[in-house]
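Listed after this line are the structures, all set down as structure tokens.
Heads up, the next two complexes both have subunit A, just with different partners, subunit B and then subunit C.
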Partner chain A sequence: MAVIPATWDLYELLQAVVQAPTYHIVFEILLILWIIKLIFFSKSYALEKTVLTTKEKDELIEEWQPEPLVPDIPDTHPVLQALERNIITGRPDKYLNVNGRSCLNMATMNFLGMAGDQTIETEAIKCLRKYGVGSCGPRGFYGTMDVHLVLEDNLAKFMNCEEAILYSYGFATIASAIPAYSKRGDIIFCDEGVCFSIQKGLVASRSFIKFFKHNDMEHLERLLIEQQKEDKKNPKKAKVTRRFLVAEGLYIKHGDICPLPKLVELKWKYKVRIFLEESFSFGVLGKCGRGVTEHFDIPVDEIDLIAASLENSVGSTGGFCCGKKYVIDHQRLSGLGYCFSASLPPMLASAATQALTIMEANSAVLFTSLRENAEKIHDGLLQVEGMKLMGVPISPLKHLQLGEPGGDRDMDTRTLQKIVDEVQTLGVAMTLARYLEKEEHCLPQPSIRIAVSCKLTDTEIKNVIECTKKACQTVLNENSS
Partner chain B sequence: MQKLTSKIGWKYDMTEVKRAYSMCLKKQAQALSEPRKLVDMTTHYPQADLADDFYETFEKIPLHVAIITYIGTVLVIFIGYIREFLRAVGIEKLKGTMEPMIEGFVPMYQDWSGFFNRNIYRRVQDCFNQPLSSVAGTEINLIERTSNDHNWNLEFTGETKKVLNFGSYNYLGFAENTGPCVEAVAKCSAEYGVGICASRQEMGYLDLHKELDELTAEYLGVDAAITFPMGFASNSMNMPSLVQKGSLILSDELNHCSLILGARLSGACIQTFKHNNMEDLEEKLRAAIVAGHPRTSRRWKKILIVVEGVYSMEGSVICLPEVLRLKKKYKAYVYLDEAHSIGAMGSRGRGIVDYFGLDPKDVDVMMGTFTKSFGSSGGYIGGTKKLINHLRLHSHASIYSNTSILSVATSHTADYLLLPHNHGA
Partner chain C sequence: MRYKSPPCETCGNREMILLGKDTVTRFENFKMQVGVTSSDDNPTHSYLNSRGIWLTYILIIFVAHLLFLSVPFFTVAFAWTLTNVIHNLIMFIILHVTKGTPWETPDQGIARTQTQWEQIDNGMQFTPTKKFLTTVPIVLFFLASFYSKYDPLHFMINALVLGFNLVPKLPQFHGVRLFNINKW
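The block that comes next holds the complex of A and B.
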């Protein structure tokens, strides 16, 4: 076909169409119809879903090899060996009988010496002869005994709170309390250095977790301000998102105390609720052992929930939460570790009640001597060469780290284990602080954890410091030579 | 068909009742007459025979009962809403505690949980949490409570009532306050004290715990065992060490809360199968292995089937031979929670494995508690030495929580010594 010159007009165009041969017109019409069909009426050829035959499925099942359920652990693993070496026989009191040798106990958290107290044992045995050993049921179904109610009452009165709720295991206390209040979609601001049970509680709650640097109030304030800005952008969502702040009274991983006055100030400024975990500060801090609220002279009503374990200073088993009635009542139906687990054995509950009575009767002596001993040991351990001491002076939990860490965690752990073994031969029992290295949120440096008891005498304290100095010197000199 | 009418007016189908009863008797006779032999379940329990051998009945809910229950629930909720409105307006006084509205703070409780507590749970509150003032043995002393304001506040009358105990999990009657167990515990408390204040890896591992671990392993018939002070925690703290992200957990839909919590904390993918329905389990296993992870299509690292021996809320018994057959066929691992069945099932009281005459070494992870049949407290996990070594190192309970109270541990020991090893329970 000749190229249509631009000067042709419409009439001439029509004439050309009419004069064209028929086959040509038919061909052009068919082509146009084909193009219309392709554009508008063709099926889209999507990928067909592959359906496997039974034979193929069986082959896949045959081929699949799972990993072994647990990895191979040689029997010579250092932790396993340490476990077998350090079996305790007899009463774990001021002196521990480790592997046949009696050592001064600087390892267990027996801060007030309750683990060796005779009156507690007498009470426990009396209760045993009335209630038997186990309670054989959860709290909701005939597992509640009057000793549990008495203990809850006593704890509430001791802490000046409206109500307290008792759990049968210290770890489960805070790990059940946090998910009872905080659900998916809520926000929790948490200190980085919190203990593992709080970390598990945070995971179980499925909320947004925002960690702030350990005891760094400026970082926390920055996070809170950021959250406030987010809330302004989306006020509808902010109205239903609960905000919580979780901190520990005395941090076990670091041996220092949380700045509670500043936390309370931030609570009122940014409207977050505070959950305080006082496992290591209950029965330790404060004039009468009421914890970090008494230590800083803050009314306990400012804190929404206090959770603590009865396994440390109180020397029993279990844990409790205390606070206002409307807060604690909720856990009676939503606290997983409370509703779905057997209750605390009655004899341990009465042991805890007796321990509380002792704490109230002897508060003047117990807590001052604990603080004094902690300070003396702190001053003494600062002088140990080649080691770094973490923790505040009044904290009965201290961490002794290597002054010059090698960089390899395993190597450092082995060195510290040698120091611990050496110190044991000299008659003092200490322990390495153990962590689940792969699962901890913020793994601290390897360290020896030292727990101070209020029953230590001055001679014993001097002995501990001498033995530590000697052991560190021996091992560090060995390493450097 | 003989029909029996009970006092309330429900009619029982006597043939059904008789059939169930005769099945029970038949199984009991079988158990006592011949010594239990360990069977190879692939030959002894092929799928077809199981339907005859393994028999459970569950009474069907009559239609009119279901309808009346639903109507009743709706009625209670409706009345609840009316009363909430009256309380909000001020016509009715609020007798319980309610969350105070503090300005600027988001309310702690969503509406439904508070509503449920005030209007539905409160009405029957006196049925739960009944305190006792005695040992949870065959008879208990219930401390009586009354309420003058429709259960808003419960008060003690000061009286106790002696009742027969059908409520506690005291299957073997070990919850007593006299006897050799109690004496052993008393002696141990006097010797060892009551508190330990340390975790297993940090100077809290006593010779008593070692003894208890070994005894538990011997009792179960496995290589090794590890014990914990809380049964709930034995599940929630150990499952995360066994499975992680990238693995699949196939859990029965009616599993206990502790198993669900442990599964969630582990980070693995969770799928449920219909309660005790082995066909559904097999289907899900096949689909899981063939398809892999639903989003990434990667092959699963491990598949863990989580079941219980006896389900406490339903009373059903897991079809264990079938589970083990599936486990062997599809190379999965089995986690068996015997909280209620250990000590209570089986001719020698060794649990559900003993009940079916299977080999305990076939179950990868045998978990159980001491709270029910042993009248004590705590939990255990039994399995191969490799598994227990791994748990000794990596279980959350070994590192972060304190060990069993000595006195309680000794009671288990005394219990074990009492339980007959050689003659039928």
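The block that comes next holds the complex of A and C.
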């Protein structure tokens, strides 16, 4: 285009009009005609919308075949079979009524037998008569009853913390607590083996997540040193970045305990805040059931936030977080699960209070026998041939995996399911550990998840071990032949 | 016959009313909102009818053109073609590519599949705004042709970008996505 000379005077330009090529003039005349027609001869109008007559409407309605609300499922569908295989009636107590047969319950997380406790039931019913079933509102909006405050108070006292906050759903507790503190741009160091609710909390926080290998403190330290180096490069950014360390007290996916002393050491060394999820260690570990801090004899003040569910040992519903007052108070306006969910039904709050009272009164018996039972079961299950036992002896959560996994997840799951079915015919109810396989981070190997209760007697423990051995032998022999 | 209706009592907006076989009032985009003044969910429907916006638009084109002219090594012809091409590209992207309500969300995606052009004046055809927006690129084309001395290369470029802005403005192309381009 630079071939055209820099400037022309008006005369040259007018001269060019006269010499303009014909196609150009035709084109311009067409455009001028278009403009004239557009401006002077086009009336504005709205595009027609298709309006149906009543007859057409009726016909369309007549033609419409609604799809069934519930699709027709063949009776042989695996999900349907799984649903109908185990129909449980009555309360999931120490014994469970599966398909009309009473089985020893090794499947639900009723570690302290609170789910079958009579005094708890009486307390809950008493509260039900007073307040009715629901609380009819979130805590900040007419949903706070005295029982909630009493429970929060008791939990704080029990855990030796300044304050506790009560959530109405165990899963939502840690999933709300993490995003309440950690935001976009912050960094979370997290164990790979954390449970699903923590994973959801991590996603909701929108922070940078750095996973370290399960209970691998060297890997964690490497990540922390890396971060430290990066922070030195950009101190301005590092100053406004919060760093968190998320771990579970007792890992439900693995049945082992986090190395808390080392975590606390790293916390002070690299200046991170520790969030501890104690859903399965609260009411399980420690001399009085205060969880993993008591187990390692570490003051609770060293941990920035402890979150736990009340749905396992305590046998109620909901969850709580506890820690320093200024830390916990932040959640009363920022914990989404706290702000926007109806509060815990009062009767369940008073049930939890009663369970706490029992835990405090019988701590010597409850937790000692739970630990002993867990160790006994652990010793027994170690001897099961062809199977691999995961977890530490004192953990009441055990994962029994195939000793030689076949490599195909579905096949292994089916084999384990056969073992579970076999054990059930022998009078012991167990279950597979189930995951949302596509969404789970670091999916563990398929396993049978065994939950030990403190109420088990020695004969029952022996029975469980014998039955497991027998069932494994039967199924594995059948498979190999 | 078309005339501007008296302003709406609550929000002062004038809406087109058609007088024909039956009078059609187009208040469907005005929803009652409790506690606030009722307003149109979708500003694209009406912002091009606001006071002074046509003048602003023309001024922006000419300021841009003066900027191009002031670049030392740009010739007059090149500056005019550049003005025309850039104007038409921006117009094409803003009016005929961008869909939905880019800045406001309260319409909840009702206009998600409509281009900005299709939303102007609630999708009515040949409204003053639409006539104005059709005339501007044509006039720019005339100017660019005149100042480039009807050069064939300049003609081709200018006519091509003009086509991109005239064809989608035809009522026949309302809601049409050629080859499903930009359909979803």
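Keep this in mind: the second predicted complex is superposed on the first by the 401 of 481 C-alpha atoms of A that agree within 3 Å, B and C clash if a C-alpha of one lies under 4 Å from a C-alpha of the other, contacts with A are read in each partner's own complex, and residues count from 1 in each chain.
Criterion: a contact is a pair of C-beta atoms (placed from the backbone, for glycine too) under 8 Å apart; a residue touches a chain by one contact, two chains touch by 3 or more.
Keep in mind it's a predicted model, so treat the numbers as computed, not measured.
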Subunit B versus subunit C as contact partner of A:225, first or second or both or neither: neither
Which superposed partner A:33 touches (first subunit B, second subunit C, both, neither): neither
First (subunit B), second (subunit C), both or neither touched by A:150: neither
Contacts of A:365 with subunit B and subunit C, given as first, second, both or neither: neither
Touching partner for A:443 - first (subunit B), second (subunit C), both, neither: neither
Touching partner for A:382 - first (subunit B), second (subunit C), both, neither: neither
Contact breadth on subunit A, by residue count: subunit C or subunit B: B
On subunit A, positions contacted by subunit B and by subunit C: none
Interfacial residue positions of subunit C with respect to subunit A in the complex: 2, 16, 18, 24, 26, 73, 75-78, 81, 121-128, 130-131, 134-135, 138, 141-142, 145-155, 159, 171, 174
Subunit B to subunit A touching residues, read off their complex: 97-100, 104-109, 113, 117, 121, 128-137, 140, 143, 165, 167-170, 175-178, 181-182, 185-186, 189-207, 210, 229-233, 236-237, 240, 242, 256-258, 261, 264-265, 286, 289-290, 299-303, 330-333, 364-365, 369-372, 374-377, 386-387, 389-394, 396-397, 399-402, 405, 407-408, 411
Interface residues, subunit A side, partner subunit C - complex: 1-2, 4-8, 12-13, 16-17, 19-21, 24, 27-28, 31, 34-35, 38-39, 42-47
Of all residues in subunit A, those that touch subunit B in their complex: 52, 57, 60-61, 64-67, 69-73, 75, 77, 79-80, 82-83, 86-93, 96, 98, 105, 107-110, 114-117, 120-121, 124-125, 128-137, 139-146, 148-149, 168-172, 175, 181, 195-197, 200, 203-204, 238-243, 271, 273, 311-312, 314-317, 325-327, 329-330, 332-334, 336-337, 339-342, 344-345, 347-348, 351, 429, 431-436, 439, 449
